[in-house]
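Below you'll find a set of structures to go through.
Below, chain A partners chain B and then partners chain C, in two separate complexes.
Moving on to the complex of A and B:
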């Protein structure tokens, strides 16, 4: 009951945030230099449509009719959005944006989530080691590896990996999510093709956030090691394994906040990584839509990425309440 | 199981603790600075011993040394801690040492400290404690926990399902005592058991310590900076200053007739309920830290009203007089008592 109420409040707050972002993108489109709505409208006029036809075509494209007062346009846009209608793409010749986004989203979501999972597991374990062995060469080496990788921008890592493993030492295929000569389906060659194509992008995601996990976990473990209750557990003769579990669970707490933030960071990074690896995800569509001035697709993709980040944050927030009894509120 | 058996055997005769010639040093700048220096001390079986001293006097380090848990980089450089039925704790390592902590010696943390895992309920942590020490009968363990909790005037069902942050300071302290006693430890060490508690909680915690000590036939060490707490609880009192035991004896005797000028200073600094607050006189100067402890001579001489030339040259030997032990040239001279020489000989006799 309490959880349901918490969830309700969070979801309501999430919807408000999505509304703010949607409004932001709406006015961004309207205020952009060159005014894409007018440009599309005038483009149609130039192609020989009469004003009414052009108005109808633009309305179909954007989900709202230009030349109406801004508040009316805004209201119509929101109304369409409430019905999950994101308008139609320009570059894909009137294909609904929701279709394009729905096709692109799984690639990005799977990539980003595997990247986070891999980097989280490796980074957190390395962080624990770096904390325990902090006065040894090995511990220093781990910390340095974390700072170094944390400092390299995501796209640089992606380009270096692509150059090293698809060009100099071509052990991985380049581009596209799978080998087009293999028929998609539940067969081994296709799945293997998916995995080999996904490997480098996932490694790029993982390497770019590994350092953050390592450094945060290291400092978190060190601070928990100094906590009174760890000494108390040792003085009560608790088994080393039990003490280690106490340390791990307490040290993980601050990482949950960062997990939520890093999902946003990863989705942002997908713009570079999907472009570099030619991966047909959300980041790729966003970049392409900017290049082709496909404004409906651009706002739609942006809105979906934002929504995903907001929901990830809500999920992390709820999980935090599950693992830390102190933040549970009546 | 064996731990329980020996505990039951010892129930008839409480375990004694003998600390002899204990030195704990912390390396700093190429030197080893002693936080506890050649301390010899007996905890009389079945009695409450109070350990008093200002912060930095080494009392907590001494208490941790009883558990062989001196925090790094501190090192035990000499001495032994012998506990009846266990042997020299300082020679234990690894799982042998782990098995003594809990079933052998119970340690209760300072009241202001958070001694519980904030993410687990008290009940689950009590079970962790039992499992860590190979307790098979977890039902019986919980029953004992419930009895102990009720015994401390708390609601057992509520406490067992509570997290640390849901308990008040006084409740946490009582729960800390439950953890220390759950595995039938015969020696109980309490570090600042009432610090940071309000007066009422303080009084009830002191009452509880007295009662469990008596009912379970424990050998208890209470560490406090507060002579009032020690005076209230302890049968014997040990006064520490700069890592040394400067005076030791029956609590009543020490409170009535302190010999060492430091003990006198501590008593004079205590405000009385009756009488003017102005009558309480703070000790002049500040307690030394590890770096400023005098290298030679009496460690207290710089703050001592009775300092003599000899105090700067050599460390005062222990003087034994009527069940009292103190380390002071001036007090020894006025008492005309016999010098026992070094602490080791005193402890051995």
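Moving on to the complex of A and C:
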């Protein structure tokens, strides 16, 4: 009952947050200078269309640009949102935003979750090792690797990997979620194609956040190692595995908070990673929509990313109580 | 101890390395298989990128949507393809239209379809398909500007297009022929039975016409939203599979020139910018790459990877444009002086070394097209504006500018500084502006470069009149009117309305006017001319009639001379169409065929080019 009440409060707070973000982005994106039709026309010219072709290609766009006063548009937007309708894209000339977002979202989710999982597992394991063997060269090496990678911006790692493995040694494919000549389904070639196409973006994510996990886990483990309850457990003659479980469970707590926050960071990072690897996810769509001044697509994509982050945080908050009973008692 | 550790660690290290090595090797093997140019049985896969319609996540396979996943020349077939003739935009290469005739008055176009043309589902392409497509063109506002009035099916393979009675649009031929044809079986259901009555009503006047136009727009929106489940193509290929980054197109065996098509399939790749195209080329993945801007060091890497540079003329140039409403840019001597200060060769060398050539002079027309409009004598009579600081100094002094301690001062005594406006991310423009900044500053006019964060912001500020000196694309062809409309058209406030030519001031919603040239200018040897009126006259010259081209060229000669003398813009470099082909897997490229090189490789194949090795 208490859990249900907590969940209800969290969800209500989440909804308020979503409304605030939706309203903020609605007005902010419309403050941006630029006209979707003019941009589309000039971009077509830039891409080699002649004036007649460009005019034809953009002639109907006018009809998709909202003309009503802003408060009316806002009211309509909220009404649509309440009905789970994200509106219709301008640059896609009437295609529902939900359709575009649904086509792009799986690739971002796959990449972000894989990146978080890989970096978390490797970073946390390396952090434990670095803490336990902190007086050895191996421990120092791990710590230095974590510090170095933590200091390099995500997009730099992504560019270096892309240049090395898609240009100099063209080992990994890029620019698509999988090889189009393979029929999608539960078959090995398709799954392997998915993995090879997502490999570099996921590695870029993992490398960029590995250092953070390692350093946090290392300091957390070291701090727990010095706690009295560990000494008491050892003095009572508990098995090393049980002691290790105590250490891990207590050292993980601060990391769990960071894990929830990192989801937002990773989704934000998808804008750079997807652009660099030409990977067609939400970040890529968001960037494209900004360039084209496609307001409904901008707000829709941003809202989906924000909602994912808010719900990830709520989930993490609830799970935190499961991991740390002290939180439940409060 | 040390030796034991070393002994123990080495095999482990080898094992650690073995895992990623195996993954890399497997990935390499798989990616090599998946991107192989040749499928089994000697079948050849042609790999390309379509620059005008990059694959976009969630976009429909519908050519009428501004963001679509179709590929002109491959799975979308027009009645014809522009030949990119600078002087005559009506010059068209046959597509689905095998032949056509235009009546002497230029108002009736009779099109004979390719007799063997078929859709990829096996049905023949008929005149009814073209009529349905034409109705859709109306809903998309493709043909209203060319005064198309009615469309009549003469027989199964012949269609007749007629202009609205009383009108005479000289772009009618190209305006009709260069449109896509879609299957009536798929798109016909989107149109109401009364579509032609609505179209006819929209061509009238008053409330009924306005209501009909609104109806057409509503139908047009329904058309753009349409997402066909399968791709039914009249082109050489049809989309078999598509994801958000790649498309696989297979051969359409019912294509009218199927025997000319040698590749068995096409793999279309996605891209988001020049860097991706460079990467694909450096990796040897592309058989043909579209126009791509690049610095010299990247060009060297691309060529070293086995790609060949193919060059064709491009009908576009970049210029420094002046807002003549802003003091002192309304003074002709000031603009002429700046043209003498700027070294166009140096600007092009830094700005667009690979895909540009320095403009011979500043005329509003790309240098390669000057001979289409002018005699050799007229060309040599143009002022070439060589870099000449002494002439610039004399011109400025004649306009009462003064120079003290190396700094130029305006006649009102204030120091003269210039802010060059440009767009962040447009690397060639930004690099070019750095050279201009340095040249002008050295000459005594402290110059800075102001970057707009993106193109949308740049255009908004430009049209608001916030940029006195800004980069601007000009000389956009093909066609005479298109060429000068970038200077003396909408962007100078001129908007035709029926027989009248209106002129709007900067900031008016009817025109994106920022150039503010005078209504008329005096040109030595030419007298007083009105560039806006002359440009508008280009729309009504009957190019199909005898003497039409000569009449057009006479107007163009006046405009070129006026632009050369009054310098509303300083033309910096002409772009050249630099494409790349890779001959590792295919051969027989249309090198030297400038008309075809402007079209997509799908059209090259239609014309018998591109053979597997």
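Just so it is clear, the second predicted complex is superposed on the first by the 287 of 330 C-alpha atoms of A that agree within 3 Å, B and C clash if a C-alpha of one lies under 4 Å from a C-alpha of the other, contacts with A are read in each partner's own complex, and residues count from 1 in each chain.
We take it that a contact is a pair of C-beta atoms (placed from the backbone, for glycine too) under 8 Å apart; a residue touches a chain by one contact, two chains touch by 3 or more.
Keep in mind that what you see is a predicted model, and the values were worked out from it rather than measured.
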item: Chain B versus chain C as contact partner of A:227, first or second or both or neither; value: first
item: First, second, both or neither for A:58, with chain B first and chain C second; value: second
item: Which of chain B and chain C A:5 touches, first, second, both or neither; value: neither
item: Touched partner set for A:324, first chain B, second chain C, both or neither; value: first
item: First (chain B), second (chain C), both or neither touched by A:242; value: first
item: Doubly contacted residues of chain A, that is, touched by chain B and again by chain C; value: none
item: Complex interface listing, chain B residues touching chain A; value: 67, 69, 71, 98-103, 107, 109, 113-120, 128-129, 131-133, 163, 165, 179-180
item: Chain A residues within the chain B interface of the complex; value: 227-229, 231-240, 242, 246, 249-250, 323-326
item: Contacting residues of chain C [partner chain A, same complex]; value: 24, 26-28, 30-31, 34-35, 51-52, 56-60, 64-67, 82, 84, 89, 139-142, 145, 171, 174-175, 178-179, 217, 220-221, 224-225, 227, 241-248, 267, 269-272, 276, 278-280, 282-285, 290-291, 315-316, 454-457, 459-461, 463, 473, 476-479, 482, 485, 512, 577
item: Residues of chain A touching chain C in the complex; value: 32-35, 38-40, 42-53, 55-61, 63-64, 88-89, 91-95, 99-104, 107, 162-163, 166-168, 170-184, 189, 192-193, 196, 199, 275, 278-281, 284-285, 288, 290-291, 293
